[in-house]
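Structure record follows, encoded as structure tokens.
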Amino acid sequence: MSTAAPTRTGAARRRGPQDRQRSRARTRSDLRWFWVFCGPFVLGLVVFVYVPVLWSVYLSFFDARNTVTPTTFVGLDNYAYLLTNRAFLVSMGTFVVFAVLIVPTTFALSLGLALLVWRARFAAAFFRSAFFLPTACSYVVAALVWRLSIFNGARFGLVNAGLRAVGLDPVAWLSGEHYLYWVVLVSLRLWLQAGFYMVLFLAGLQRIPTDTYEAAALDGATGWRTVRWITLPQLRATSVAVLLLLAIGAFQAFDEFYNTLVSVGSYPPYARPPLVYLYLVSLGQGTQDLGVGSAGTVILTIVVALLGALQLRILRPRKDEA
Amino acid sequence: MSTARGPVRGGPEVVRHVVLGLLSLLFLLPFYVVVRNALASPAELVSASWVWWPADPSLANLRRLFADENVQFARSLLNSAVVSVLQTVLTVAVSAMAGYGLARVPSRWSRVVLGMTVLTLMVPTTVTFVPTFVMVSSLGWISTLRGLVVPVLFSAFATFLFRQFFSGFPVELEEAAALDGAGRWRTFTRVVLPNAWGICAAVGTITFLNAWNSFLWPLLIGQDPAYRTVQVALSAYTSSQRVDTAQVFMGSAVAILPVLVVFVVLQRQLVQGVERSGID
Amino acid sequence: MGIPPARPALPRRRFLTGLGATALALGAGTGLAGCGSNTGRPSGGASSSAPAGTSDGPRPAVSQWYHEYGEDGVEAAVKRYAAAYEQASVSVRWNPGDYDKLASASLLTADVPDVFEYGNGPTLDMIRAGQVLDLTDVVGDAASQFSKPVLDAMSWEGRIYAVPQTVDMQLLFYRRSVLEKAGVAPPTTLAELTAAAKAVTTKDMGGFFAGNDGGVATLASMLVWAAGKEQLNAGSSGIGFDDADGYAAFAAYRDLATSGGLVRSASADWFDAAPLTNGETAMQWTGLWTLPDVQDKLGDDFGVVPFPAVGANGRPAVPFGSYGSIVAAKGKDPDAAKAFVRWLWVENEADQVDFSNSYGTHIPAKPALVPQATKIATGAGAEAARFVNELGHAPSKLWTPATSNALTAALTRVVTKNADPRTEIGQVAATARTEIARAKG
């Protein structure tokens, strides 16, 4: 609100009581408008995010089986149970293993694809589309294709047919032996995600000013050296963003694990990431332990919030400048 | 010869394109598998040696898929369409308004709301599905359209994107409208939004994709077969007594089709949306 | 499908206890006439044959849920039974997919089915949370007509919470010609099974199949019983297999799994006989309900045996159990729902026999009706009924889903990660103790 209000004559004049009145009215009206614009969103956040989280904190202190209005207060028992429960701890370990497997591979593949596509002279658009297309596919459909057709453990799966063609025995990919299911799950997510992150890298590559390259070329830098010493360092911000997005994405894994491994009424004890474990405990597999499920939600929320806070801390300063 | 991207060489270029070609084939392979399986006969699906293309490709599976009363596939497609469109339109509307409010309407509450938004950004709503399910079930919204659409409308990410965009929106346009006597709402709908088509399309395309492909939430809420979305209907085959593989793949092919169309038509918007989701 | 992956527990009971084998010995005709007064016609009582909606006002509406049975014709049949009921308008919902989760989740909401089925009756948690109604009065005097262990599996603290619909059991099918050609006799011990599976394995046909998970979900409890142990110990305070026999049984199954004779992956899961009839495996552990399908595809070229004994103290075993019809507490008209359940599953014996016998093969829950079930009168069906009578095991509420899941997980780890059976079973013991303490406390 400027202190010098230009009038029609163009000359400034002093602020008077009328201006203060007008500015109070404007502030009141602003307040109203603020809530008109932001109201629905805030209401939705409160009702569907904040209240449930608080309710789950409440529920986590009760023994709530098959009911959402429990009466038996158990204090920290649910938390103690979870933190000493092998299945829960194994699920956190599963997340770590999964993240270690998927994050570097996706990063490398998507960066590699971006570098290849970016400098391609022919059909770059076609290649870009081909790699980006899997993003349109849902995790459910991809899991079905991987489970029933490509990595089907019976002799007629695509990979097994290939193995048999070269004289090897078919492999039961999803049976839990030798951790082979990781091949299935990692390749699945890799296929689905690589294109998405490739696009992020392409955007980052495009942001690099061309004179950087011209200057480097003048100095004699070419090909791989350009990539190593010019391109990659300029992609640092994008890289960090990609790594964190990948990690948080790995934490939220549910759809592909569930659809690849579930069978009638049961889910194997291996390959249970945290969300699958949470789902099985609170709503599936014959038990409906909402107290433990709520405690698990609280713990997982804290973990993912830490990851998210890390992401924001590293990336936020840029956004505030905008 | 030299371009802005650096000097061009013959050999490496060929290698690059060969590699790209092979990788593209690999990436398109699963789509081929879906189509092949959708058109194959049950015998060909389990045959000992891989059948590259069905001898007699027919749409018999399509007929069986839609005729199966237990799965109600046509109904699930309709549900997915309704839910996705509603979710897209409403999410864009709610987030655009909130983003504009945060960017352009000064208020001491701005910081609070911005903080809440950032907080929600840090905790993806997938992680809090248990309590949200409890809340929705207490409202009596299980197996209803409301329950499928409303709880997932409030995207902190979309609001943030819109806020960024509107912050950078040329103030002059809005001031001109104000001088012409337009109130806040008219300024928003008549002046700002029409010029924000790009970001709306980007956010809308991403939201539509996510809504169509969404699984966990519809699994929890759409329990009545009449309220299942297409992803849940397909998933039901894995835990069903009878896995009619050919039907599953035909269903998958049908389920992918709309998003492929959206993808082809709105690829640029989609790419824009993706770019903004990482850094900005 | 029949029994869900077994969560059973009781000391082995004879199927026919409570009625006595004498009733059966009386033979078909006379035995039948002597049992109970109802012959399957809709119950006399208050619900007379007045046409619906005339004198009593509008009929109450009752919703009923079933899971998707694998056999053809079941859906049409259950809808027929429901349509024939005149005292209420019953709408049947057929649910493909993960039925257990669907049913239990719906109990939390207002959208509750009035009548629904669940494997071996409601879970202990459902009973204790008051989500299901006490049906002791619905069964009433007819309690003695039902097979006692089956009914006990659906009871808790003396009250009955579900009415058995039909009894399912599982057994081992084998291809007679394949075993003969390899010079192998049908296995009576697990060691013989391991050897036989290995002997008959060829490039095109595997030896033994019990599920795409390597058979662990469905065979975990079988190993316990086949070792001569019980799931719960004598005082029902903990598990009954935390000893050398138990550990040895798990180790023996690991030997089978790693011997090369186990089929890890097939075109269908264990409850569908397709892998057997397709020639993917020579032996398969599956349910009695697949019998018509097997007879159809293989003719005479098959035989059945119970699960072979394990270890020195073991004896062959088969599981049996039943989906029970349950009335939800929060339904809109519990009395109408109870009346319907009574009419269909307690009194309407013609429909009960039809349900058991006409689609797939099952054993009627009332032993007196067994002679009417033609499919189990001769051949493999009769043998199966004999297995159930002599070697059958049925569940109890104290063997909760959590304990059952722990057992499956333990066996999986022993088989796939080469874990030590003693540690694994010890963990199951700990889980069971906690669960039982919670149940009793």
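Here are a few things to note about the model shown:
Letters A, B and C mark the chains as written, and numbering starts fresh at 1 in each.
The rule is short, and it goes like this: a residue touches a chain if its C-beta (ideal position, glycine included) is under 8 Å from a C-beta of that chain, and two chains touch if they have at least 3 such contacts.
Computed from a predicted structure; not experimentally measured.
Taken together, the touching pairs cover every possible pairing of the chains. Interface comparison, A-C versus B-C: the higher number of contacting C-beta pairs is recorded for A-C. Inter-chain spacing, taken between the CA centroids of chain A and chain B, is 14 Å. Between the Cα centres of chain A and chain C there is a gap of 42 Å. Averaging Cα coordinates per chain places chain B and chain C 42 Å apart. In chain A, the residues that reach two or more other chains under the touch definition are 68, 154, 156, 262-265, 283. Each of residues 46, 48, 137, 220, 235, 237, 239-241, 243 in chain B touches at least two other chains. Within chain C, residues 1, 98, 105, 108, 267, 269, 271 each touch two or more of the remaining chains.
Residues of chain A touching chain C in their complex: 65-68, 86-87, 152-154, 156, 170, 172-177, 262-266, 268-270, 283-288. Of all residues in chain B, only 46, 48, 70-71, 137, 140, 142-143, 220, 223-225, 235-237, 239-243 touch chain C in the complex they form. Chain contact summary for the complex, chain A toward chain B: residues 30-31, 33-38, 40-42, 44-45, 47-53, 55-56, 59, 68, 113, 116-123, 126-127, 129-142, 144-150, 154-156, 158, 161-162, 191, 194-196, 199-200, 203-204, 210, 213-214, 217, 222-223, 226, 237-238, 241-242, 245, 248, 251-252, 254-255, 258-259, 262-265, 275, 278-279, 282-283, 290, 293-294, 296-297, 300-301, 304-305, 308-309, 311-312, 315, 318-319, 322. Taken in their complex, chain C has these residues touching chain B: 1, 68-70, 75, 93-98, 102, 105-106, 108-111, 204, 267-269, 271-272, 278. Within the complex, the chain C residues that touch chain A are 1, 4-5, 7, 98-101, 104-105, 107-108, 123, 125-126, 128-129, 131, 211-214, 217, 264-267, 269, 271, 280, 400-402, 404-405, 408-409, 412-413, 415-417, 427.
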